[in-house]
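In the two complexes that follow, subunit A is the common piece, with subunit B as its partner first and subunit C second.
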Partner chain A sequence: MINAEPTGETRRQGIGGDDDVVRVRQLVRAAAVATKLSLVDQTKLVTAASELARNTLIHGGGGYAEVIPVTNGRRNGILIVFVDDGPGIVDLDLAFTDGYTTAGGLGLGLSGARRLMDEFRVETTPGEGTTVSAVKWER
Partner chain B sequence: MDRIPVLTLGDVLLVSIQVDLEDQLALRLQEDLADRIVSTGAHGVIIDITGLDIVDSFVGRMLATIAAVSKVLDAETFVVGMRPAVAITLVELGLPLRGIRTALNVELGLAALRAARAAEYAEPEESDDDESVAT
Partner chain C sequence: METNTALRLAAVLADRQDAVVEAWSDAVRETLRGRLTRAELDRQLADLYTLLRTLLESGSSSLGRPDAADLRSMLSDLSHARARQGFSVSETAISVFALKAAFYRAAGDDDHVSKADFAAFSLFIDDLGLHTVETYVAARDSIITEQSQQLMELSTPVVKLWDGVVAVPLIGTLDSARSQIVMERLLQALVDTGSPYAILDITGVPAVDTQVAQHILKTVVAAQLMGAQCIISGIRPQIAQTIVSLGIEFGEIVTKANLSDALQYALRSLGTDIGKRAPRGAVI
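What follows is the complex of A and B.
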């Protein structure tokens, strides 16, 4: 479980096409700037969000993203949540392996995004969908 | 969505990406560049990514594909202007930028292209300055 209490408004963006991936990035970037994450952390967060949004689109068949400013009592951060009701991930260990791909990509989306974030959690049920939650904390 | 302009600079094609890249736009750029290399006989491609605040695996793959396709069409590709935060993120993401050559800015990219071209033709005789590379 990720220990993160919301400190501000949840912003939601539907993911149904390529242009929504761009919108998710813009939403996450605006939240990162407002929370005063460093430039490198902003870049890591937005890049991870881009990978996860594309996963939601390509593997999950679409869904939505939520961007929430949070705190763990000591530090502020940004929580990003990606929800789809697609086929789910049958073998999570395999999905986290660098280079493993089912869509002809580079197979870096999930594993790469996890490396860029501070907290990372995947809940998935085959046949029902996947929810990925991740936090980037300020330094 | 329109397209990203490709400028001709002597026998070099120059692309400056200034917008948040949508996937379709990136794919179109890939095709446009291949067409332009063949129609202009360009020997070099410079892609300026100063304007990109992130490079994710999709854009990274696009850059690698452009470099590979250019190579097959006898043109060398340099990616220039990568922001420091983008470089750090790319390495952490684990993106293998195979076949992509980089330079810090357009000027250094042009110089590197010229040097690469000269080296390629310098084999039989050491004649580097009369190389017909326009600027």
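What follows is the complex of A and C.
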């Protein structure tokens, strides 16, 4: 489990098309600015959100994203959650392998997003869907 | 609406025309805040009123009928014009809905009109209002589509920086549609100018994720196939750190922090020498 208590309002954005990926990015950037993350952390968070939102769209067949300001008692951060009810991930290790792709991309989205974030958690059931939760803490 | 009701309403509308139009015009003018002149508005509403009365005189209130075509197109023109002038949807709809209150105020004391007639009239105006809102939304949608196309074309210029050097300053989100346009324009510019160097400047790209990187890499490879060398410039510190974390490799591609460094690199490679001008009066 990710140890994170919400400190603010949960903002939700449906993901059903390319436009929505842009909306998720804008939502996440606004939350990151409000939480006063550094410019580097903002960019990392927004980029990871962009990768995960596109995964939700392309592999999950659409779903939604939630952006939540959180704290772990010592530091503030942003929790992003991506939920889809798509086919799920059968082999998680393979999915995290750099360069492995099923959609013709660079194969760095999921693994890259994990490196960009401070905490990262994937819950997936084949045939039922995938939920990715990740946190970026302020430094 | 029944034929008798329509004919009764038409008779009253004809009878009280001046009073109803005046009350209507007064109510609408309050919402316009001076964006239309009184004369313009009065003329619009009087035309609309006449068409509406003519339709009722034919014994029908259905907007779908062929003899309502004039009224429909007048309403469409009105809401198109309002959408272009920046009126909000409620400001546009109120122009039509205000007729209800105006009619009641100016003809409420008329013995020929029953409560049921007023109710029927109200439903009729609702139809007109809905038609107005629908065309307003359609007009807005077409404006948005036009604008996004214009933006797409505007935001991907290919500029010639020097003899042999072209540059594409990329600004905003680089999605598949835009990167396709960028690639086409850049390759065409390489042919047209015969330039051996192309600079892709990403200063204005807010985030470089794997999709953006892939689009950039494809453009670079395409340019290389045509014998040109691509330089990527405008990589800010936060973008550089993100690219490293993501694990994207730009390989042999030359990257520079800003456009000026990229231009300098290209000019050096071309053998073009630009020195500072010697101070006036200096002995060389």
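We adopt the following convention: the second predicted complex is superposed on the first by the 139 of 139 C-alpha atoms of A that agree within 3 Å, B and C clash if a C-alpha of one lies under 4 Å from a C-alpha of the other, contacts with A are read in each partner's own complex, and residues count from 1 in each chain.
Following the convention adopted for this analysis, contacts are C-beta pairs under 8 Å (C-beta built on N, C-alpha and C of every residue); 3 or more make two chains touch, one makes a residue touch a chain.
The shown structure was predicted, so the numbers you read here are calculated from the model rather than taken from an experiment.
Asker: Both complexes share subunit A, so when I overlay them there, do subunit B and subunit C fit or clash?
Answerer: They clash.
Asker: Touching A:S111, do we find subunit B (first), subunit C (second), both, or neither?
Answerer: Touch partners of A:S111: subunit B and subunit C.
Asker: Should A:K44 be classified as contacting the first partner (subunit B), the second (subunit C), both, or neither?
Answerer: both
Asker: In the superposed view, which residues of subunit A touch subunit B and also subunit C?
Answerer: 18, 22, 25, 29, 39-40, 42-44, 46-47, 50-51, 54, 98, 105-106, 108-109, 111-113, 115-116
Asker: Taking the touch rule as given, give the residues of subunit A at its contact with subunit B in the complex, in rising order.
Answerer: Contact set of subunit A toward subunit B: 18-19, 21-22, 25-26, 29, 39-40, 42-44, 46-47, 50-51, 54, 98, 105-106, 108-109, 111-113, 115-116.
Asker: Can you tell me which positions in subunit B touch subunit A when the two form their complex?
Answerer: Those in contact with subunit A are residues 20-24, 53-58, 60-61, 83-86, 88-89, 92-96.
Asker: What part of subunit A is in contact with subunit C in the complex they form?
Answerer: Its residues touching subunit C are 18, 22, 25, 29, 39-40, 42-44, 46-47, 50-51, 54, 98, 105-106, 108-109, 111-113, 115-116.
Asker: Considering only the defined contacts, which subunit C positions touch subunit A in the complex?
Answerer: Subunit C residues touching subunit A: 173, 175-176, 206-211, 213-214, 237-239, 241-242, 245-248.
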